[in-house]
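Okay, structure first, notes after.
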Amino acid sequence: MIRLNKHPSGRHFLQIPGPSPVPDRILRAISLPTIDHRGPEFGVLGKKVVTGMQQVFQTRHPVAIYPASGTGAWEAALVNTMSPGDGVLMFETGHFATLWQKMALKLGLEPEFLAVPGTDAATGLPTAWRHGVSAELIEQRLRKDTQQRIQAVCVVHNETSTGVTSDIAAVRRAIDAAGHPALLMVDTISGLASADYRHDEWGVDVTISGSQKGLMLPPGISFNALSPKALDRSKGARLPRAYWGWDEIVDMSASGFWPYTPNTNLLYGLSEALDMLLEQGLPSVFARHKRWSEGTRAAVRAWGLPIQCADEQLHSPVLTGVITPAGVDADALRKLIHDRFDLSLGTGLGKVKGRMFRIGHLGDCNDLTLIATLSGVEMGLKLAGVPLAKSGVVAAMEYFSATPQAPSTS
Amino acid sequence: MIRLNKHPSGRHFLQIPGPSPVPDRILRAISLPTIDHRGPEFGVLGKKVVTGMQQVFQTRHPVAIYPASGTGAWEAALVNTMSPGDGVLMFETGHFATLWQKMALKLGLEPEFLAVPGTDAATGLPTAWRHGVSAELIEQRLRKDTQQRIQAVCVVHNETSTGVTSDIAAVRRAIDAAGHPALLMVDTISGLASADYRHDEWGVDVTISGSQKGLMLPPGISFNALSPKALDRSKGARLPRAYWGWDEIVDMSASGFWPYTPNTNLLYGLSEALDMLLEQGLPSVFARHKRWSEGTRAAVRAWGLPIQCADEQLHSPVLTGVITPAGVDADALRKLIHDRFDLSLGTGLGKVKGRMFRIGHLGDCNDLTLIATLSGVEMGLKLAGVPLAKSGVVAAMEYFSATPQAPSTS
Amino acid sequence: MIRLNKHPSGRHFLQIPGPSPVPDRILRAISLPTIDHRGPEFGVLGKKVVTGMQQVFQTRHPVAIYPASGTGAWEAALVNTMSPGDGVLMFETGHFATLWQKMALKLGLEPEFLAVPGTDAATGLPTAWRHGVSAELIEQRLRKDTQQRIQAVCVVHNETSTGVTSDIAAVRRAIDAAGHPALLMVDTISGLASADYRHDEWGVDVTISGSQKGLMLPPGISFNALSPKALDRSKGARLPRAYWGWDEIVDMSASGFWPYTPNTNLLYGLSEALDMLLEQGLPSVFARHKRWSEGTRAAVRAWGLPIQCADEQLHSPVLTGVITPAGVDADALRKLIHDRFDLSLGTGLGKVKGRMFRIGHLGDCNDLTLIATLSGVEMGLKLAGVPLAKSGVVAAMEYFSATPQAPSTS
Amino acid sequence: MIRLNKHPSGRHFLQIPGPSPVPDRILRAISLPTIDHRGPEFGVLGKKVVTGMQQVFQTRHPVAIYPASGTGAWEAALVNTMSPGDGVLMFETGHFATLWQKMALKLGLEPEFLAVPGTDAATGLPTAWRHGVSAELIEQRLRKDTQQRIQAVCVVHNETSTGVTSDIAAVRRAIDAAGHPALLMVDTISGLASADYRHDEWGVDVTISGSQKGLMLPPGISFNALSPKALDRSKGARLPRAYWGWDEIVDMSASGFWPYTPNTNLLYGLSEALDMLLEQGLPSVFARHKRWSEGTRAAVRAWGLPIQCADEQLHSPVLTGVITPAGVDADALRKLIHDRFDLSLGTGLGKVKGRMFRIGHLGDCNDLTLIATLSGVEMGLKLAGVPLAKSGVVAAMEYFSATPQAPSTS
């Protein structure tokens, strides 16, 4: 059987912003024998996971579940709603927003990529990558689109490359204020089931998500939560589509089945994850992530290093980006920490490559896991010769001691 | 944890033509902890599975591995090679050939659907659904395509809905004899690693396959094996594509990584499956399936029921379709057998719905599993009032006793 | 990881009379992470399994659970109740009764080994090994023991070496009729949770059992169900004991803990097994085993081979012993069947070695598993040149078709 | 399926001195299907684990493997070598030495319990519980035993209740210096595969060990490593024995089988553990534990708390006992830490109950796991109001940073 850890002993610390550590219960569930995806037992499973995901998305409308990565669900959102050459307003918040925009180009759309302009004085990094979506800029742009060429506004809720969580309700208000009919499509691949997310209340038309983050599953399942308006729009959309087509998948999965072979064993895991999350209550889940993110930031501040997210209100509950001092290659640091302390951290992506690393604090974690993670980072920073103001680990211990986890709501 | 078998006791017999029963070794492998898909351990895994799949496809050329069902790999083959409105010559061998043709339509292609004409006198079923691809009809059609509007010939190697395995080398000879530049694209989703399949030797340009059949994995991974000609053709193909794009996935997976998040835990299973299959040797694997298929047919003949595949040379090593007598609803029979004997059989699909059922004999099976399966069918047929000429179970026991399994070649 | 099946493909058929096939749910449960056996979560588990085992033994009195094989629980029964040189009346029903008697000798007791005398005319095998415990002989012997030197009557309920299930209530009546104070100690290692067993109602003082039979667990846990009289007797018993001592283990496990480190992961499995068995209802479990045993005997009778159990009333619901014709080495036959059909059968033990083999039909089985098993035996018998009257497999199919499984009672 | 962690999220930190955290590879291995313990595949497994355990004990002589807890292996050592009323010289090093001595009493032996006398001034704890075995006291006592009533010297190598590792070679030298024929029997249940241990070189006659510590398995397997002298002595020993009898188990397990049903699934785990340990090399394993123990002690010293082991040379590589200040109930502290930080620590046992707790640093751990553990302790101590001199976590980070893990030797 494959060897998964070259380290001589102990459990690997997987503290990247997804895949997150998968709980033992879920790993056992996905190892149960595969069943007939057309048989009676499957239908029960299928209905359960669709219904459960509606609760997680906080929606009463259909959720399409794909046997695919999150990138596939991005594509599904676009090909179901758009026609060749359609304008799409996207917003640069980091690497994943950029990848989505590149996908729109590949699919023959005409994305326009808004961004907060400028470069951050202190770090030399793009300002856009340290802040969230500007609803104001979106509103301004939509107001100018008098011919309504823009068919959708596409934004990333929790930008995994930076650790900034944007205000989605504000984007909806901006669209409405502009009186624009564009769909609102939101990627919360890394936000769902960690950060509060309200598909219906926030007026989102298509929400994209994936399995390997807050849902605590291995990668391989992704989602589109829909609005009636999105479903309606899809009827006239002319981008070719088959695998991603909402029509068949939405109809069939209402009865617990799929138009093609679903990802049976990962759906076992999804069923187990839903049991865990819903039993505990989403508010507890959100509170837990918020607490971890605050403990992590306490550590980073104690070290005296800048946090990638420059806007206090928008700190992600899922991950924290840490900017390394000029001259310190963040990836060399990550390698040192991996080799020495068996800890995986997230790399800097795209425009911040080498300048920052990312600490994941999501999913099946707890206080001690995070302190261990922070200790690996702290030891690594010191070994790399980075001067630290104070011990971040001590700061995190102080935070976690002083701030008990609220009890589960269920 | 989810309950997977409503029967009071014992192991379910999953004898549909896929998903096939997943070996315990593989189930344990997919339950290992998820790792960072950008980390050093992943690269080793990634390279291993790509290289191993080349051996299984019998190709020296690239293999793209998708986190998606087989249906996705069909789409990948088309969108990477075709432009809107392109002609595609497809061949009706059954339900899956039909679905692929419908997909081509959805994607904006112009499929032409060849078929052996007529209706079978004895059963009233379409002749095309009891026979294989006619290389002769293909050659005739291509010779007429003097303007070369046909960009690809698409055929199903092992038609899962009928149990007919077509001669792919003959199709290649037909294309060559017609002097036609069309690509040859072949679906062997249910044939790979059960029936002999030679991507390079047979001159296939794109082979499509999936994980949940001969590879003995849960569903969720699919494949495109490519030829240099296919890769070259993809450069000019204008169907929009992103998730399925060969360019990035082929380049990156040569170094063991993927352009988006791969299906890590199922890849653990693929690694284990490759160990099992390649250690044993593909010839042994093919011989094993051939033997099971012969034992199964011995049983069906003893019962006196017609086999869906009417061409002795083309009997599938993977499954056997059994036609029920007029007036016997094959699905009611399947339900009786499932409820009473905890055995899942494949349903009749499309034009043969209710008229036949399918017995899977693939993957992690053995003689006793198949005899058990045949006994469930025999008891079910009798309980349904179907008169049987003789005991098929006795016939199968005679066959399996008289025909020892050849030893593994490794 | 260890390779467990030298056969090239498929699932091994483990049809020995224990260990029985372990359900997937239980295998997953025993693989959960080990916890602190002194911590709060353990206490919940400990109490659950003790209480559940009381239901399975049908007793209101304490059950001691040992991290040990069934052989250990035999020893526990003796060392807790006996003093050096004590007389014990044991009854020869087969190999396991013989082993228990040898153990009594080793422990310094004076076992007397009663048996039905004589040799079976047809087979040349000892009559005692084809019949059950004779309550009459026991009563006669006890009546002669006017000085009450006999401290215990020890019998095997379900003799695993022969497939004979003795009438325990009759033994109790015999002891009472003789007015003798001896304890009644019963081994139902292979009978519990397959054959009806009533510790309290039948007046048993110590019942011995183990995990790897009807409880569907791997080996490694064993049990002593106690009566107040047995507990009282243990206070004066002078055989040295520590590990097996009831005093500490009974006291502590009432609160869910053990005096030494318990077998944590197997207890996870026991918890899961109890969920499965009690949810379904013991009467259903017993009915299922009875049905399998009748189907199996239908096959053996069709072959025309003698069944080891010569007493129709006492046929075991757990296993069936099959006597091979003179000149046919039963172990050579078993090897042939194992090598050729990946089926494990039980060997003949002790006085019947080489003359018979045993078919287990217990635990996590179903009709098709048993038909597969019988087909392996039938093909093996034919390959070994044994003339068979008729097909036993056909006979079993007829029985199972004609006799539906009663629905679960829960 | 059973719920194993009442905490809302994350992996439990099991940092008691056994059971130690079980690696995922081993948990998967023990969940493989149970096989026939009399079949051919079992024999290969059986021989492998016996041979492997000889390497781990560093012996060429037989090793008996019991399906039982370590307590059972204590009993095995005594009942195989002793006769009723035999004198045994035991040495009080802590709770487990005391339990073993109580067992000797229960078994009808006459243990004499030597101890370093006195009470520790600083802590009020027994001096004997802060130090190791005194070879000098043993030699003095044996010299006085001119009639050789003492049949064995029994000592604990790694006293799990205190964290003191005694010098076994010195005990052998003492016995030899006294010219005394007593057997040397050593409990290294918690030392094996963590601390260097040399059965042959140190002249040990019986070594007792168990599965759930350095071998990284769940509890349920235990061991007796033997010397020719011990085997010889067992022939005349008159304590009754059956389950524990070396004769049968040693003979049979040489061919890979057991006289009664072995603990099959845990033996799968043992096979996997041996692969892990021997591949890495025992010197690496010992070095790893030594390093962790030094890092842990650095933390305790920084806090300013006394370490239970008062002898610098004898600090255990497996665990560290920490004495709480007068007035601080160590068990209340442990409960606080468990409830708040999901961390299990070892309780104070016997004479030190409530006065100390134990940190396990053994088995499948790594630097970050231990820092996490120390952080849980540090936060707990502060929350309990214990004044700490400095941050132990910072001290441990300094130690682990400055002291790289030596590379694996294999």
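Going by the order they are written in, the chains are A, B, C and D; count residues from 1 in each one.
Note that in this section a residue touches a chain if its C-beta (ideal position, glycine included) is under 8 Å from a C-beta of that chain, and two chains touch if they have at least 3 such contacts.
Keep in mind the model is a prediction, meaning the values are calculated, not measured.
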| item | value |
| --- | --- |
| Pair joined by more contacting C-beta pairs (A-C or C-D) | C-D |
| Of all other chains, the one whose Cα centre sits farthest from chain C | A |
| Centre distance in Å when chain C and chain D are each reduced to the mean of their C-alpha atoms | 35 |
| CA centroid of chain B to CA centroid of chain C, Å | 45 |
| Rounded Å distance between chain A and chain C, as computed from the means of their C-alpha atoms | 54 |
| Residues within chain B bordering two or more other chains | 1, 4, 11, 21, 24-25, 28-29, 31-33 |
| Complex contact set, residues of chain C against chain B | 1, 4, 7-11, 13, 21, 23-25, 28, 280, 284, 288, 340-343, 363-369, 371-373, 375-376, 378-379, 382-383, 391, 393-394, 397, 400-401, 404-405, 408 |
| Contacting residues of chain C [partner chain A, same complex] | 1, 24-25, 28-29, 31-33 |
| Residue ranges of chain B touching chain A (in the complex, touch as defined) | 1-6, 11-12, 14, 16, 18-19, 21-22, 25, 27-41, 45, 67-72, 75, 79, 84, 103, 106-108, 210, 212, 218-220, 239-243, 245, 259-266, 268, 271-272, 338, 344, 347 |
